[in-house]
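For reference, the structures are reproduced in the following blocks.
Here come two complexes built around chain A, the first alongside chain B, the second alongside chain C.
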Partner chain A sequence: MYAERIIATPALGRLTGPGPGPVTTLRYVVARDLTLAVRRRGDVLGSLIFFVIVVSLFPLGVGPDINVLRSMAPGIVWVAALLAVMLSLGRLFAADYTDGTLEQFMLSPEPLIILVLGKVLAHWLVSGLPLVLMTPVLAAQYDLPPASTAMLMAALLMGTPVLSLIGAIGAALTLGLRGGGVLISLLVLPLYVPVLIFGAGAVEADAVGLGGQAHLSLLGACLALALAFAPWATSAALRIAME
Partner chain B sequence: MLSATQLECVRGDRRLFSDVSFAIDPGGLLHVEGRNGCGKTSLMRLLCGLSRPERGQIRWRGAPISELGEEYRADVLYLAHSNGVKDELSALENLLASARIGGEPLSEDGAREALAALGLHGREDLPAKLLSQGQKRRVALARLTTTRKPLWLLDEPVASLDRSAATWFESMLATHLGRGGVVVLTTHQEVCTPSGSSQHLRLAD
Partner chain C sequence: MVSVNRFSWFKYASPASFYPIAGKLLPWFATSAAVLTVIGLYIGLFVAPTDAQQGEAYRIIFIHVPAAWMSMFIYVVMAGYAALSLGFNARLSAMMASALAPTGALFTFIALWTGSLWGKPTWGTWWVWDARLTSELILLFLYIGFMALQAAIDDPRRADRAGGLLLLVGVVNIPIIYFSVQWWNTLHQGASVSLTAAPTMARTMLWGMLVMAIAFWMYSIAIALGRVRCIILEREAGREWLSEAEAATP
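This part shows the complex of A and B:
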């Protein structure tokens, strides 16, 4: 059998020297969440497969009229992305909440806002970025020209982080509630509307020759705004949920 | 070091306890007792600052904890009912993660040594979901061997531990109190504590 023993205990008091710093902490939380995502592949793949299936079903349902498909493609990809991200939001804090890790986050001397930002960044890397990368394959089903596909990817690249950031607020607010999944969609989907409009609009404007830059700039503004406010609002919501 | 004056805790529309006061000196231990549902865990959550008391004040080194913020959190080690052990991570990764999040990064060797001290030698790299309830508790308790934090808030630390691990825990407590640490503890089991410095707080309902 194994025997328990006391090992040399360190003296009391803080570790001297500067702390690890926000960037190291951020990187640490991202790495931890990515490890967890890899070990729980099924959950992550679920929402990605959902995205692929939804986008692929439309051409089958609508029929092979190329002009109709082309004009519908950006909107469909964006709506499917919204829904796929929303499906994955429930997982953002739920596991940490049940097993007590979230309590440890609250009690960490590191600022909660950094920990939250790390979790959101990891969420985007596993639930948002893959959507961007799969888009060229899916766009082929709609015969989207390469220029439009590139614009769609650029818009998704700027828009999906906003979806994760805003979604985190909803996930934190509905933490521990029964039927939180329905509530989260009611809370979050209306806030996704601007991203949807600018995101799909960028591709359409580009296709008719107006250029998508204006829409991309607006998406960038959404991203900046969300980056500034969402982690803060999420931290506040988490504190309320944990009380 | 840690003192509370006339704490009152209300959950929903039920008053769990009121007029709870105590003061613990360095090297002191407070043993919180009471029936299930009398508010032991709520008191712990008040003490670590997760929730706020309805009335009353908690002070650490003379300053209210609500004002200390991060400075207080750097001094507190809270082991909750739930172990904070992730099923998908190995015992080693769990210990490294909880130390890192607690602001006290561990080296891998240090973490292995701590786990070995808790009788988990050879199981460090197993996913925590393959460990028994008691072994998960041991992973959580392994933090105690390496931490430098002076204030330990331990909610049911010996639940699901076997006798030898409980004995280990008692000597760990004695060591911590001996170096001037402060412990607040809730438990239903008998825990032998150094008698001189320990107080009992009974939460009535």
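This part shows the complex of A and C:
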């Protein structure tokens, strides 16, 4: 496995002189995680396929009546997205924790928040963005009109980064614990509630003619808030876990 | 040598000096909880008049409303203890947060349970997706998450700090969750019965509720003190002060 061999980027472990700067560091961390993801395609594809399967199971459960399905589609896609992102959270820090990369992160002169932000960004690119891109296909299964599909994609585009940011806190808190997977869901899912409500609400409000702007703005507010506080909380949680 | 005259709050931040005091205070809080519960239930069940619209079923509010108050208040208190414990590295604060969690979860559950018992005769259904019920349910999940996280960590120091961080994250999220659920509810036009449109209460009803609320306060303090003593015993087992304290108090 080549994947295990990439332990530290050139930006890390540098002991003298000024650091490479936050943007370069961020780019290195994102590039490293994306490389790892490319070399372990199975993990990435797994959660995407999980997303598709969950969405496809609902019609089998509630019946094929297209009017019912059309009204349920935004909620189902959002719940499936929540579950898919949550499933992939366990991998966010686990490999770095076991191979010692996280320890190097702690020792690195670069701020831990930037490193965490890079990891979360890579996680979103790998686990969140594919869900957004897959949504038109699933929306077609549910006969969602094009306008609603576009709104659903816009909401997912703004909401899934929040899921990654909040999820990172849960992943860091449960790092190396027994039954980490179930525990993450207990910690993280209640915190996902506002994103679910605003995300599915945007499509619904748009469909009944109220316009989804208000919900999208609220999602944007959630994103801004999460972007400001979540990396900080995640860094604190990582420090607690690594003590 | 610390001067005897100077009273220091930090003195009681150490488990060794808090343990005996908690033991002394506990019976007082427990007794007042019992007495106030009897008084409150007497007012609620016998003195307060029957409600003109809801009949006798309304009497559950004497349990329900104080429990709902306590469920929310205890989470905020726990978050306060978490902030103290992370900020000042105070072990006892973290222990207090852990000691309060089961009581908070219990009150949340009681509030949900009595709420559905009240909802069946009044609304005709056990459960509606009303904003208050839904946020109370999510609060229960938050309590369970906190307890599950602490239970999964073996090292008590890590359990304290990880739990504290989760509490702080939770307390920032609670207003967001509350308002999102409220807006979701108005969009869906879910509940047709509003709790806020209740008619003004008779004075005895209000008194009964207040007495019960104070009784629940006393109960929470008593049970938290008892539980924190157990936690101190577990954590400090084998320490010298503990065997001395055990020898001093029969």
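Keep this in mind: the second predicted complex is superposed on the first by the 225 of 243 C-alpha atoms of A that agree within 3 Å, B and C clash if a C-alpha of one lies under 4 Å from a C-alpha of the other, contacts with A are read in each partner's own complex, and residues count from 1 in each chain.
The rule we apply is simple: a residue touches a chain if its C-beta (ideal position, glycine included) is under 8 Å from a C-beta of that chain, and two chains touch if they have at least 3 such contacts.
Small disclaimer: the values here were computed from a predicted structure and weren't measured.
By the document's definition of touching, of the two partners only chain B reaches A:R39; chain C does not.
Of the two partner chains placed by the overlay, neither chain B nor chain C lies in contact with A:A94.
In the superposed model, A:Q104 makes contact with chain B only, not with chain C.
In the superposed model, more residues of chain A are touched by B than by the other of chain B and chain C.
Of the two partner chains placed by the overlay, neither chain B nor chain C lies in contact with A:A150. In the superposition on chain A, contact is made by A:G179 with chain C only, not with chain B. When the two complexes are overlaid on their common chain A, residue A:E243 makes contact with chain B and with chain C alike. Shared interface residues of chain A, touching chain B in one complex and chain C in the other, are 243.
Chain B makes touch with chain A in their complex at residues 48-52, 70, 73-76, 78, 80-89, 93, 97-98, 100-105, 113-114, 117-122, 127, 145-150, 164-165, 167-168, 171-172, 175-176, 179-181. Note for the complex: chain A touches chain C at residues 169, 173-174, 177-180, 183, 186-187, 189-191, 193-194, 197-198, 201, 204-205, 218, 222, 225, 229, 233, 236-237, 240-241, 243. Put simply, chain C touches chain A in their complex at residues 138, 141-142, 144-145, 148-149, 152-153, 157-158, 161-162, 165-166, 168-170, 172-173, 176-177, 180-181, 183-184, 187.
Touching chain B in their complex are the following residues of chain A: 1-7, 9-15, 19-20, 28, 32, 35-36, 39-40, 95, 98-101, 103-111, 115, 242-243.
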